[in-house]
C-alpha cells in the first residue's frame, strides 16, 4: 500500500466538523455569497458600456477623489498621531490612562449616525470649535475639511490598536544597548524603535484607510453632500438606488468592492511582513 | 536594572537610558491629549451638551414621542434577532476553524472578515438587488405580498450581514490559543460532542464569547449605512434609532435628535466598559489555564 | 487486554508519520515507545487511543476486538497527555468525576458512589485531600497524578501515556518513574508509554519498542535490545558502540543481514544487567 496515499475522507477524532462547517457554509452562502453574486450578475446584465459610463461619469469620479483621497490623508494623520498616542499609552503612567485607553475604541462602539451629527454640531459656526475657526475664515462643516475630520475620527482606533501590542513587546534591552553604544533618545527612536514599528504602522494605516473609504454614517452629515465637492462614493450608490438604477448602483458597488479587495490584499501582505519581522510563525 | 546614568550635579534628575527627557514626554502627552480631545472627548461631550441644551424637560419629552418609542422598540427587536443568530454562527465557525484543519480553511476565515472591509452601503445594496422591487425575487415577493426590502426583515438581514464577524472574531484567536488538549481529554473520558462543547469548551470561552456578543450588539444597534439603504425610512414602521436620529436632525429638531443620540452614546460607553472588562477576564483565564 | 496493531500507516498532508507499523502487546505488559522527536511514536499512541485515525488498510484490535473505526470515547483507553490537559475550570474532584458525569443517564452512578470512587482514585495516587484544589494551584507532579487518576476513572483496559514525565523536572521525574513501576505492579493494566528518554524507558518498561521515521526498528526487553541492537539507528540512539569488524573470530560464520550480533561486548559501564544476562 502506498503510504503516501490520502484517504478520501479523513476522519477527525473530535466530533462536530460536519455539523459546524456545514452550518457555517450554508449561513455564509445565504448571507454573503448569494447576495454578492447578485452584485456581479446585476452589473454584468447592464452591459459593459453602461458599466463604464456609470463609473466614469464626472460626478462619480469626483466622489472617488473625495472618498479615496481624503481617506488617505486621514489615514496618514492617524498614522502619525496614532503612533504617538500608542507610545504614550504603553510607556507612560499617568492618572486616567486606563480610561483613555478604553476610550480609544469609542469610534468602534459609537453608532456612526451619532458621530455624524456630533461632529457636524461641533464644527458648526456657532459651536465650540466652529466659533474658534470662524474668525480665521476656516469653515469645516459642509466642506472637505469636515469630511477629513470625520474620517480621522473613524480611523483613530486602527493605528493605535495595531501599534500598541508591538510597542508592548519591544525588548527594553535593545534600547539600552543602543544607549550604551552612544545613541541619544532621538537616534534610538529613529534607528531602532521606528523601524521595528514600521510594519505595524503601515498595517494600521491600511486598515484605517480601508475603513474610511467605505464610511457612510459619520460623513454624510458633516459633508453637506454638495455634488462634485463633498459627495462620497457610498452616497453615489444610494443616489442610484433611489433612481431605481440598480445596474448603476451595482457598478459603483463593484468598484468599491474591488478597491476594498485591493486594500485587503495589501493589508494582509503587510501583516505577513509584520509577523515575519517579529518572528511569529 | 535599566541603565541609570550617574547623577549629574547640575541636573539632579537622573535620566534613564530608556526614557525620553521630560520635555519630550510633555510634548508627546500633550499632542496625544489634543488629538484625543479633538476626536474623542469633544464629539462625545457635544452629544450630551446638545441633548440637554433645551433643558431636562425637553430631554425626556423627546422619548415620549411615539415614533421615537417605535424606533427604540425596532432597534431592540432587530438586535434580539441578529445577535443570537450571529452568536450561533460565531460558535459554529470558531469550532470548525480552530478544532480542525481542512482544505479551504483560509477562504472561510477571509470570508468572515468581509463585512469589516466593505462599505456598509454595499451591505444594504446586495439585499436590495436580491429582494428589491427590481431584484431577483422582486416580482415573486410582490405577487405574494411579502415585503423584505423597506420592511423589518430587510433590516434584520442587513444588520446580520454587518455584524456576523464579531462573535467569530472574538472566539477564533482565543480558541486557537487554548488548543484542543482538554477537548481530546474529554473525548478519551467518554464524552460525546455536545458534552465536550458544553462542559469543557464553553466554560473556557465564556469571556471571549461575551466580548464578541457585546461588540456584535453595539454594532447591531448602531448600524446606519446598511440599514439606511434597505429601510425606506418609513416613520413608525422601518426606522431604527440611528435612522430616527437622522430624520429628527434633518427636520432641525436638534435637541430631540441629540437626546436620542445621547441614549446611543450612553450605550456606547457601557459597551466600552463591558468590553474592556470581558477582554481582561478572557486574557486572565487564558493566562491561568496555560500555566 | 492485549493490543494488536497491524499495517498502520498515517500521513499528514503527504508527510508519512507512520509507515506500515505492526506490533503485538500482551495483556499486562508495560511497554515503552522510544524514539527521537518526529519518529511517529506519539502518532502511534494517538492512533491506538482513537485520537487519530489511520489511513486505509490498517487495524487496531483490543483483545481481538477490532476498534479501528471506533471513536476515542468508545474505546475505553485511558489517555494521559504530556501537558496533563486537566480541565482548568474544574477542581480536582470534578476533573476525576468528569467521566462519571458524562455517562448516559441510565448508567450514571448515584452521587455517593461517584464520591467514593473519586476518593479511592485520589488515594491510589496519594493525593487524598486535594479535592477542592484547582489545577493552576497544583505542582507539575501533582497535576500529573490527577491526570492519572482521571484516566483510571473510566476503568480502562489499556493505559496510554504520552511523555508522562516530559514536562517535569529531573527529581520529580525520578520519583514518578518509580511510582509508575510500582503502580503498574499493583494494577497490572496493559500500559503503553511514549518517551524520548532511554533511561526512563529502560528503567520502567517490560519491553521497549524503538521507532524511527514511522517504522518500528526493534522490539525487545531492555536487556535484549542493549545486547543485540539490529541496526545503526538503534546503536546510535542507545549510545552503543558501533559494530566492529575487528575482533570477529575466524570461526563466527556470516550472519544473515537481518540479525546481527555485536562482537563479544565489553561490559557497558552503566548496565550490569547486560553483563549478567548475555
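Letters A, B and C mark the chains in the order given here, with residues in each chain numbered from 1 onward.
By our rule, a residue touches a chain if its C-beta (ideal position, glycine included) is under 8 Å from a C-beta of that chain, and two chains touch if they have at least 3 such contacts.
This is a predicted model, so every value here is computed, not measured.
Novice: What is the graph distance from subunit A to subunit C, where chains are linked when they touch?
Specialist: The fewest steps needed to get from subunit A to subunit C is 1.
Novice: Please indicate which chain is farthest from subunit C, where distance is taken between mean Cα coordinates of the chains.
Specialist: The most distant chain relative to subunit C turns out to be A.
Novice: Averaging only over C-alpha atoms, locate the centres of subunit A and subunit C and give their separation in whole Å.
Specialist: 53
Novice: Indicate the whole-number Å distance between the mean C-alpha point of subunit A and the mean C-alpha point of subunit B.
Specialist: Centres of subunit A and subunit B (C-alpha means) sit 15 Å apart.
Novice: So how far apart, in whole Å, are subunit B and subunit C when each is placed at the average of its C-alpha atoms?
Specialist: Between these chains, centre-to-centre, one finds 49 Å.
Novice: Among the residues of subunit C, which are close enough to touch at least two other chains?
Specialist: 50-51, 71-72
Novice: Residue numbers in subunit A touching 2 or more other chains?
Specialist: Counting only residues that touch two or more other chains, subunit A contributes 12-13, 15.
Novice: Residues of subunit B that touch two or more other chains: which are they?
Specialist: In subunit B, the residues touching two or more other chains are 184, 187, 192.
Novice: So in the complex, the part of subunit C that touches subunit B is made up of which residues?
Specialist: Spelled out, the residues of subunit C in touch with subunit B are 49-51, 71-73, 76-79, 81, 83, 85-89, 98-99, 101-103, 135-136, 150-151, 153-154.
Novice: Any idea which subunit B residues touch subunit C in the complex?
Specialist: Spelled out, the residues of subunit B in touch with subunit C are 181-182, 184-192, 195, 199-200, 203-204, 285, 288-289, 291.
Novice: If you look only at subunit A, which of its residues touch subunit C in the complex?
Specialist: Counting only subunit A, the residues touching subunit C are 1, 3-7, 10-13, 15.
Novice: Using the touch definition up top, name the residues of subunit B that touch subunit A in the complex.
Specialist: Going by the criterion above, the answer is residues 2-3, 17-21, 24-25, 28-29, 31-32, 35-36, 38-44, 46-47, 50, 88-89, 91-93, 95-96, 99-100, 102, 108, 111-114, 116-122, 125-130, 132-136, 157, 160-161, 164, 180, 183-184, 187, 192-193, 196-197, 215, 218, 221-225, 228-229, 241-243, 245-246, 249, 254, 257-258, 261, 264-265, 268-269, 271-273, 275-276.
Novice: Quick check: in the complex, which residue numbers of subunit C touch subunit A?
Specialist: Of all residues in subunit C, those touching subunit A are 7, 9, 11, 14, 16, 19-20, 50-53, 55-57, 71-72, 214.
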